[in-house]
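Written out below as structure tokens is the structure these notes cover.
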Amino acid sequence: MEMSTSYHTAGQISDQLKGQIIGDPALEIKGLSAIESDEANTITFYGHPRYEQHIYGSQARAVLVPTGFDPQITTHITFIKVSNVYEAVSQLSSIFTNIQDPKISGVSLNCTIDAGAELGTDVSVGHYSVIDSGARIGARAVIHDHVYIGKNVIVGEDTIIHSGVKIMPGVSIGSRCILYPNAVIGTEGFGHALSKEGYKKIAHQGSVIIEDNVEIGSNSCVDRGAMRDTIIRKGAKLDNLIQVAHGVEIGENVAIAAQSGISGSSTIGKGSQLGGQVGIAGHVKVAPGSKIQAKSGVAANIEEANKKWYGYPILSYYNYLRSYALFKQLPDLEERIKKLEKNQPGE
Amino acid sequence: MEMSTSYHTAGQISDQLKGQIIGDPALEIKGLSAIESDEANTITFYGHPRYEQHIYGSQARAVLVPTGFDPQITTHITFIKVSNVYEAVSQLSSIFTNIQDPKISGVSLNCTIDAGAELGTDVSVGHYSVIDSGARIGARAVIHDHVYIGKNVIVGEDTIIHSGVKIMPGVSIGSRCILYPNAVIGTEGFGHALSKEGYKKIAHQGSVIIEDNVEIGSNSCVDRGAMRDTIIRKGAKLDNLIQVAHGVEIGENVAIAAQSGISGSSTIGKGSQLGGQVGIAGHVKVAPGSKIQAKSGVAANIEEANKKWYGYPILSYYNYLRSYALFKQLPDLEERIKKLEKNQPGE
Amino acid sequence: MEMSTSYHTAGQISDQLKGQIIGDPALEIKGLSAIESDEANTITFYGHPRYEQHIYGSQARAVLVPTGFDPQITTHITFIKVSNVYEAVSQLSSIFTNIQDPKISGVSLNCTIDAGAELGTDVSVGHYSVIDSGARIGARAVIHDHVYIGKNVIVGEDTIIHSGVKIMPGVSIGSRCILYPNAVIGTEGFGHALSKEGYKKIAHQGSVIIEDNVEIGSNSCVDRGAMRDTIIRKGAKLDNLIQVAHGVEIGENVAIAAQSGISGSSTIGKGSQLGGQVGIAGHVKVAPGSKIQAKSGVAANIEEANKKWYGYPILSYYNYLRSYALFKQLPDLEERIKKLEKNQPGE
């Protein structure tokens, strides 16, 4: 996009997004704004009906809306209709880059890179990071400060490893991944044998394989497999404080919200979405496209794909809502039973 | 308090706390003790009726009690009556400082401070820490070891940043805050647009603003906002392993126990208290003074202030208890229904 | 075990494990395999009936089975019967060590060890680690990179402290322990007094005592006690992302799965097992040998030992299952009540 960085017109933005403009194409846009903010000369987006009333604020503002959107009141707001609002936001967010990016470039003089490690072209390495022997870092990868990269670790091209990340020996990470601060990848899983003398450790022989375009959130943990590898397939996005246990396989484009945990040897099918604080028991298979409501617990296989689940153990989404609605009314239900009992003839 | 560090008398302590002493003002006190410990020449406190029997142990001990407290048995224990027991404990805890404080002073020779960073008077910086350009560190702030402070970060006066904390560019932190080890502040939130080619990142343009007197626990995460800032208001206390997502606002003097998570764009009203492992859904407003029981889940706005909530989704506290009491009896309720069905005439 | 590292025969392995071999003692074994993998010349194990069908794959493979195991179909697989399958796996896992071990040896030139710290014989210290005055590190202990060890910390013999671990002053850690990356031990607990001016910190005077053979997972947190010490007894194993609050005592050989949290002053009896995402309220005593199902919440004392619990608040395991089965049927139960009401005479 060959534009000045100072501003863009609504028309230029609409063209860029292949959108349809309704309103003033000459409106100057200086940045993105939250829907509640009503800041002039910004562009915001309509993501949820709950916020519709916030649209009709400053006339000097543009709003991204879905193709089928019809304003409920007459307005002089400039609308840009697009087929996928969030994708358009994603595109715009990289145009208006007043973001504070923790960019580094070059290799710090205060880091420790083993002579047996291989760095691709234009790799950056931050202060006090350690890269051990046999590690291979792909071109343009950025290793921030205080990172530990163990022996024989592979890091793909253009991958960003943020400050404080620890990657244990033998782990393989794809291209264009982002690992957020203090994430820990490849420690031994929680595998012990209970003997008369207490727990005995099972030495873990598997590794962790993270494919391309994966993100792992801050302070998240991915354990290595006991016998087979732990695998995170391409495009999967993991939020902060997530636990991925030994031998788990997370499918392509799976999204997992913060503080969820997947127990050992379980499989999350492609395209599934897990809310926050979800728990998946061990040795469980979750069918592709499953949507699991926040805080739910999955204790057995999910066989049917593309369904929505809720509760612990999970029920189908609407069944859970129905049962929970009656759970709230249990005191009333008991009253009704009492009344029936009282009205019993001859008792 | 101008006393010798070796001991204090019960009378001196009572004066210091503006308390009322019942017993021996000359009793020598050498430190604080847990209520179960029965250690002579210490002072303990009565915090919970469950522990009352532990009070009546060693006669050579003092106990802080609330103003209205009446001992249930005759005893020669020395009592100090105070209006707020916990506040008195807090005061005393800083008098008997045999605590192991990880104090450092001065700036380590083994750290990396960009020439464009500004350090106030008497700032301490630990080993292997990194402070990037444009960062401004307030007077007397203590930055421990292995800390990363990104570009343009502001740290207020007397704030303590413990070892391994990572603060991303542009974040602003107030005065007298404490950030515990390995906390991560200001990474991009979990915001992606789902397109045909998988998830696309939404570049986050907001920042994180942490006001004065805030504490953030070990390994906790606070994400930067997508469009507006994530804000933690003054006096809020966050325990360990907490997730605060993008665009969240946490009100003044909110207390959140460990492992709780607040999803994107939600607001926690002033003075609210969240138990451990609580989850708050996205775009939810929690009214001021709300008390949310541990492990509960809040999926919709809480409109009424100062109420107590429990369950998932939350019910009012006593409603949840009533329903759960009947949940336990469901097998019995079903028996009663069966019996009624059997007794039906003419079926 | 004085064998060549290249391979072992099934007979040698059986002898080593004091097992009973059924099949070919000359079968050459080159490593461990997952039960689903069907890789020839490996040994796998039968751990769960769900996987029995995977046993009968490659004839050139050995399978560890429990003493009482009878194959359900005729097969030429080589079986080794052992009394404790998982203990045998643990033994074998250390024989077939193709594991990527993050070994380091010697003391890095890029670390900071205070002159007042004492290092035992053959202690290793990684890059950029900090060991403060008065710390005493036992013989053969391994301190990896980016570790902080505060004043007067004691680390026992043969203990391994992984990269990024932070240990606050005064903490005591036993022998043969493993602390995984970015774990935080000994920060002040979440203890504040609520006063008119907001929360006031209670300075914590207790410490953390970790006995021998304990493991603490990645990104887990163990807080120091307010007045008495937080204690983790010998042989306890804690998974990743766990919260242990101030003054908690965790008994011998307790195992706690990921993302569980134990609130202040609670006690977990010897040999108990907690699933993932379990929460234990404050001031609660859990009887020895308790088994607590994942995601459960314990709000009151568990008096009876060796029982299984489920739900929030917990019920006995089977009671929870019974109640939950009826929770699912609540819409149906209500229909039955409606029908009874309709059939009431004279209403």
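Order of writing sets the chain letters: A, B and C. Residues in each chain are counted from 1.
What we mean here is this: a residue touches a chain if its C-beta (ideal position, glycine included) is under 8 Å from a C-beta of that chain, and two chains touch if they have at least 3 such contacts.
Small disclaimer: the values here were computed from a predicted structure and weren't measured.
Student: Rounded to a multiple of 5, how large is the rotation, in degrees, that superposes the C-alpha trace of chain A on chain B?
Tutor: A turn of 120 degrees brings the C-alpha atoms of chain A onto chain B.
Student: At the chain B/chain C interface, shared numbers over all numbers used: above half (same) or below half (different)?
Tutor: On the two sides of the chain C and chain B interface, the residue numbers are mostly different, under half being shared.
Student: Using Cα averages as centroids, what's the distance between chain B and chain C in whole Å?
Tutor: Their C-alpha centroids are separated by 26 Å.
Student: Give me the residues of chain B that touch two or more other chains.
Tutor: Where chain B meets two or more other chains at a single residue, that happens at 128, 146, 164, 182, 219, 241, 259, 277, 327, 333, 337, 340, 345.
Student: Can you list the residues on chain B that touch chain A in the complex?
Tutor: So the residues of chain B touching chain A come out as 112, 128, 130, 132, 146, 148, 150-152, 164, 166, 168-170, 182, 184, 187, 190, 192-195, 198-205, 207, 219-221, 223, 225-228, 241, 243, 245, 247, 259, 261, 263, 277, 279, 281, 283, 297, 299, 312-313, 315, 319, 322-323, 326-327, 333, 336-337, 340, 343, 345.
Student: Touching residues of chain A toward chain B in the complex: what are they?
Tutor: 31-34, 36-37, 44, 48, 50, 84, 86-91, 93-94, 96-102, 108, 110, 126-128, 144-146, 162-164, 180-182, 213, 215, 217-219, 234-235, 237, 239-241, 252-253, 255, 257-259, 276-277, 294-295, 324, 327-328, 330-331, 333-334, 337, 340-341, 344-345, 347
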